[in-house]
Amino acid sequence: MNITIDYFLILSAVMLGAGMYGFFTRRNTLAILISIELILNAADINFAAFNRLCQTGIEGYVFTLFSIAISAAETAIAIAVMINIYRMLKNNYVDELDTLKW
Amino acid sequence: MNFLSLFVLIPLLMLLGLWLAKGVKAVRGVMVVGSSLLLVLATYLTIDFLAQRAGGNTAEMLYQASFTWFEPLNISYRVGVDGISVAMLLLSAVIVFTGTFVSWKLSPNLKDYFLWFTLLSMGVFGFFISIDMFMMFMFYEIALIPMYLLIGVWGTGQKEYSAMKLTLMLMGGSAFLMLGIFGIFYGAGGQTMNILDIANHTGGAHPIDFAGQCIWFPLTFVGFGVLGALFPFHTWSPDGHASAPTAVSMLHAGVLMKLGGYGCFRIAIFLLPEAANELNWIFLILTGISVVYGAMSACVQTDLKYINAYSSVSHCGLVLFGILMLTTTSTTGAVLQMLSHGLMTALFFALIGMIYGRTHTRDVRLMTGLMQIMPFLGVCFVIAGLANLGLPGLSGFVAEMSIFVGSFQNADTFHRVLTVMATCSIVVAAVYILRMVGKMLYGVCTDEHHLKLTDATWEERFAVICLIACIAGIGLFPSWISSMISDSVAPIIDAVKQAI
Amino acid sequence: MNTESIVFLVLAFFVALFSVLSVTTKRIIRAATYLLFVLFGTAGLYFLLGYTFLGAVQIMVYAGGIVVLYIFAIMLTGKTGDAKQHTLTVGKRAAALVAALVGAGLLMFVIITHQFVSQQLGADITNESAAPISQIGSSLLNAGEEGNLLPFEAVSVLLLACIIGGLIIARKR
Amino acid sequence: MTYTLFIILLPLISFLVLGIAGKWFSHKTAGWIGTLALAGVTVLSYYAAYEYFFVIGRDAVTGAFERQVPINFCWLPFFDQGLHFDMGILLDPISVMMLIVISTVSFMVHIYSFGYMKGEKGFQRYYAFLSLFTMSMLGLVVATNIFQMYLFWELVGVSSYLLIGFYYTSPAAIAASKKAFIVTRFADLFFLIGILIYGFYTGSFAFVFDTPEGLASYAQAGFILPLALTLMFIGGAGKSAMFPLHIWLPDAMEGPTPVSALIHAATMVVAGVFQVARLFPLWVTYAQDWMPIIIWVGVFTAFYAAAVACAQSDIKRVLAFSTISQIAFMMVALGVCTELQTGHEHVGSVGYMASMFHLFTHAMFKACLFLGAGCIIHAVHSNEMNAMGGLRKYLPLTHITFLVSCLAISGIPFFSGFSSKDEIITACMAYSPAVGYIMTGIAAMTAFYMFRLYYGIFWGTENKELHAAHHPHETKVMTWPLIILSIITVGVGAYTTLAGFGMFDGYSFGSLISADGQDYRIHFDTSVALTSTIVAICAIGLATWIFKGERQPIADKLYATFPRLHRWAYKRFYMDEVYQFVTHKIIFACVSKPIAWFDRHVVDGFFNFLAWGTNATSNGIKTLQSGRVQQYALVYLVGTILLIAMLLIF
């Protein structure tokens, strides 16, 4: 059995599916963020795998690096926002955060 | 500096003055000075206009001036007046002047109120001096928007609903209107927004072909007709008037509704003569219905303002009716009716407002014997009522007779029958006016709260007397103003007649 | 069946399992823990691909930084469970499930039907794409044809902005 | 004769002064201002009449009195067909006669009101309205064209409204004033339509139009001109209270009694007759076939009103119905007039003269009757006959003048009513004996109900308790007008009776006013005169037999025998109820209410529905914008899946 790119892609598809499911069903904002991390990771794996198995050069590699950096930044900000929201509204469930709605 | 522009400039300066004014006294001062200036200006304009006409100046529009405002669409700030506009400007000035006095003690936020009031009057004046379609439209919108706030903030009853309804319906009308205006603009070659240039095409056929006219005519007519309380687009009027504060009702019924009739004539009929000849029967039927229907509805209303609003529907229907009859007399009568209705309905609303301010009810069934308690207001109310039902010697008679005689000059049965139908309204008018007067003023006052009420204050008396003087003035000496109007109407009607 | 294959399969199973667990568990702290496992698994995959630096970054930044942030955030917001999950209607849950499954399925269909021109994991990996750290470093700081200086700078500015933003947003007023 | 302008201006000024500044005047000052203005008007009117008839006199060529138009100007131009609304003063025999009648009666009423209205609240207002009315009525009769007539016609309507509603605290007065105004305005609508038709087809609003073009357009118009005239007649019928538009007049008695005398007996109500007389040349020339309308409306009204008058118990109502009946006589007289040319060989033209003559005499004696009734009401504070009886002891002057007027209206020789009524019957006889006999019969009914009234008031059962409480008495200022009016009645009557029977050959009424303006000397047709006199005397005798005594067994028996008839007549044959039904149950309930409902619910409902629809739509769309990120993502995903699937499939 030879592991080709397909296996990586299927794995990342599973991760993506799981992430999406979590994103749709979770109510806690932090849980949603976790799901987003899953999705990002799936993408990262794809970058790395494509770069390694289908290509010469290092673009995918570098992109993965950037992706990790950006997701770190994103998480930091998101968590800061959520803590702030929690502090103000004592709540972090997405369906109840509707103060600014309409 | 063209002196017509003062009609826009003075309200602008008044706005500035009001903005800077501190305290109620200063606000009133600015309003009184400004509106008096406008009145003086309008009077001067009338005299000078008549003098110029007498001096042989036969130009279609006098005191013309223009500068380009927006090149790509050929929009210019272009002003000029003929007899009709002069009459309307005079009317507006009188109503604004008296409206100031009627709102003397309004609260809260007198200053804000007058700011919007002045903005509204600026729109009205601007509309009447403009001869550029787009400018007219713009001033029309300027006049509409403050109405929303004036009713919504200072109104009574279900004011938000009424304000919303009024604004939305009139805005709907403007949507049609804008379509129509752009239709005319592009139909006439997209070269000019100037009404005179479009109308006075040199030789040959009208620049807008017949099919095009038949599309743009209903659009513009309905667009302005909504404001002129054309059946079935009149329903904003009862609610709007009932909720509006007194001076706003005055200005709205007195002047703003006249924008509708004026616009119908100036744009729909003047610019689209062939369609006007062809399609006027539809609108004649609608206005004929308006006239009788409004009067009939007024008979069973119990709210004073509703009675007057429906009576306005009837009278404004008569305005459009007269215009659509397309004879010089009837159109002159229609303009006279605009003047007369403007004055008398303003008077009526002023009085209703004053009575309402005292009794806190507008239900005729709850008031009796007010004549004994407030004789001045009672007598003026009777005079207003008599003016409304077309008593000779007051302005309504002159206008109605001109319309009826003029309408009857159309020699076919259709127009005849409609005219006869419309004349029926004068009987019905008597019914609702007398019913109202009889219930409210006559009899013995039984309500003990009403017994303590006081008669009019000096500023109220002043406003009311001004209006009555104007009504009686037109009613007793109609020929100068009638001639002034017809001088301007006749060429237009001739042109329309020739367009067939 | 070479070693790489076995390792990959084990890692893939591990990652997939914890991904699913992480989104289905009811307790959020567990979800964070499962995420940690997923991230470790991913790092393993990078190692497997020969990208050791990437794997190290993955562990340091993700596992060491972000998950810790999560844990702190979860603790700060005080609620450990996603209790509200129960209130989600069956219909909505089913819709989400179906959408996720169909999405993933569609993706797999595309992956499987598409013929990728791919090398195999294992011996015949060329050195070119092994990407030694020196090459990465010079690429990141190179403004030339092959360089990635601009995105690098952009990310650095972004990170700076995030530091400041995070501070300001989360600051107690 | 430009000074005639002041005949209109004086009362106008008086109205404005009293109307605007009245409340600062004392009652006395206000009364004096009004009365002096009217005195001025009276003097001017008499002088104008003198000048018109005797200084200017007959035209040398035609031998007729020519129209004088001292003032005429375009008040309001209309711009099509050269139509214009003129205002001016037209003097011809009938307008001059009307000037005399109006100013005389109005002056009398002004004087009388000093006493009658003494101490009333709104005394100044009363005099202001009287001035307004007088002004309008004078303007009406001197109108130079039909439109000016219409203008003043409306004004008299309004002043009548204001005066009927003078006691505005009484519900009956309010209702009566409203009714009067609306009914007459309804009739005026037809008048207006008639004017419109007339103006369009003749190209003018003038009364007489004898240029060739005018004639041509008349000829073209065919039935149009009679139609226009008939429509105008309906207007006149409304003002003159012809059946079925008469219902307002009896109710109008709610106004102060002097007002009834002035407006609802002597002047305004004859406006319709005056209008027909004014347009009479047109009627005779172009619409002769339509004239029976006038006759039969008149005949029926005369009969109907006389019948109702026999059963009324309110003395003012009896007089009101008697007025209706008498005006109908005038109408009939105009209707039976078939030619313009006068002279004894042209019997067809007598009606015009007779009508005008009756208008004149009726104004005088009916005003006298009303003012007398006013004295009585003033004395006993009631309108009902059963509150009176035996008043001759308390009110001797009133009694005598009332008797004189009753004799006049009954048509007894040597009283003015005899001469004019006799001429009317002669004219009717000439037209058709049937009409003549019917009118004679109605004249007898007149005599009967007038003497029923007379005996009911001054003889019969005395209501002693009431009289003891009130001490009925007369006031001097109120009796003077009565005396003057009855002197006129007797004077005119004696003079014309003697002249008519050929005792001497002098001027008579016909010398001044006749259909074509020629001198026409009245000579009675002895058979007609004799018949009507005998009939009248019999009727009076009958009334005496029935009603004179203290107890009235015959009357009671009659009531008992014909209870239904009496009840129907008393209820005026339920005409008011019919109107009530039509206006309230049909027009209000079945037209106005549904229209108002339709407006609120259908028309407005449609726009509210539009608003609701917009709102509902946007509410529907709004739920899509739920603000839930997860839902968005789900939708986004579904969209993506669909797109990809589509790409894969196609």
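Think of it as A, B, C and D in the order they're written, each chain with its own count starting at 1.
Here, contacts are C-beta pairs under 8 Å (C-beta built on N, C-alpha and C of every residue); 3 or more make two chains touch, one makes a residue touch a chain.
Since the structure is predicted, the reported quantities are computational estimates derived from the model, not experimental observations.
The chains in contact with chain A and with chain D alike are C. More C-beta pairs touch across one of A-C and C-D than the other; that pair is A-C.
Here the chain at the heart of the structure, going by C-alpha means, is B. Farthest chain from chain D, judged by C-alpha centroids: C.
Averaged C-alpha coordinates give centres for chain B and chain C that are 72 Å from one another. One finds 7 Å separating the Cα centroids of chain A and chain C. With centres taken as mean Cα positions, chain B sits 66 Å from chain A.
Averaged Cα coordinates give chain C a centre that lies 104 Å from the centre of chain D. Under the contact definition stated at the top, the residues of chain D that touch 2 or more other chains are 634, 637.
Across the assembly, chain C contributes 95-96, 99-100, 103 as residues in contact with two or more other chains. Chains touching one another, given as pairs, are A-C, A-D, B-D, C-D. Touching chain D in their complex are the following residues of chain C: 95-96, 99-100, 102-103, 106, 109-110. The touching residues of chain D, counted against chain C in their complex, run 634, 637-638, 640-641, 644-645, 648.
On chain A, the positions that touch chain C within their shared complex are 1-11, 13-22, 24-28, 30-31, 33-35, 37-38, 41, 44-45, 48-49, 51-58, 61-62, 64-66, 68-77, 79-84, 86-87, 92-93, 95. Contact residues on chain D toward chain A in their complex (touch as defined above): 622, 627-630, 633-634, 637. If you check the complex, the residues on chain A that touch chain D are 20, 23-26, 32, 94-95, 98, 101-102.
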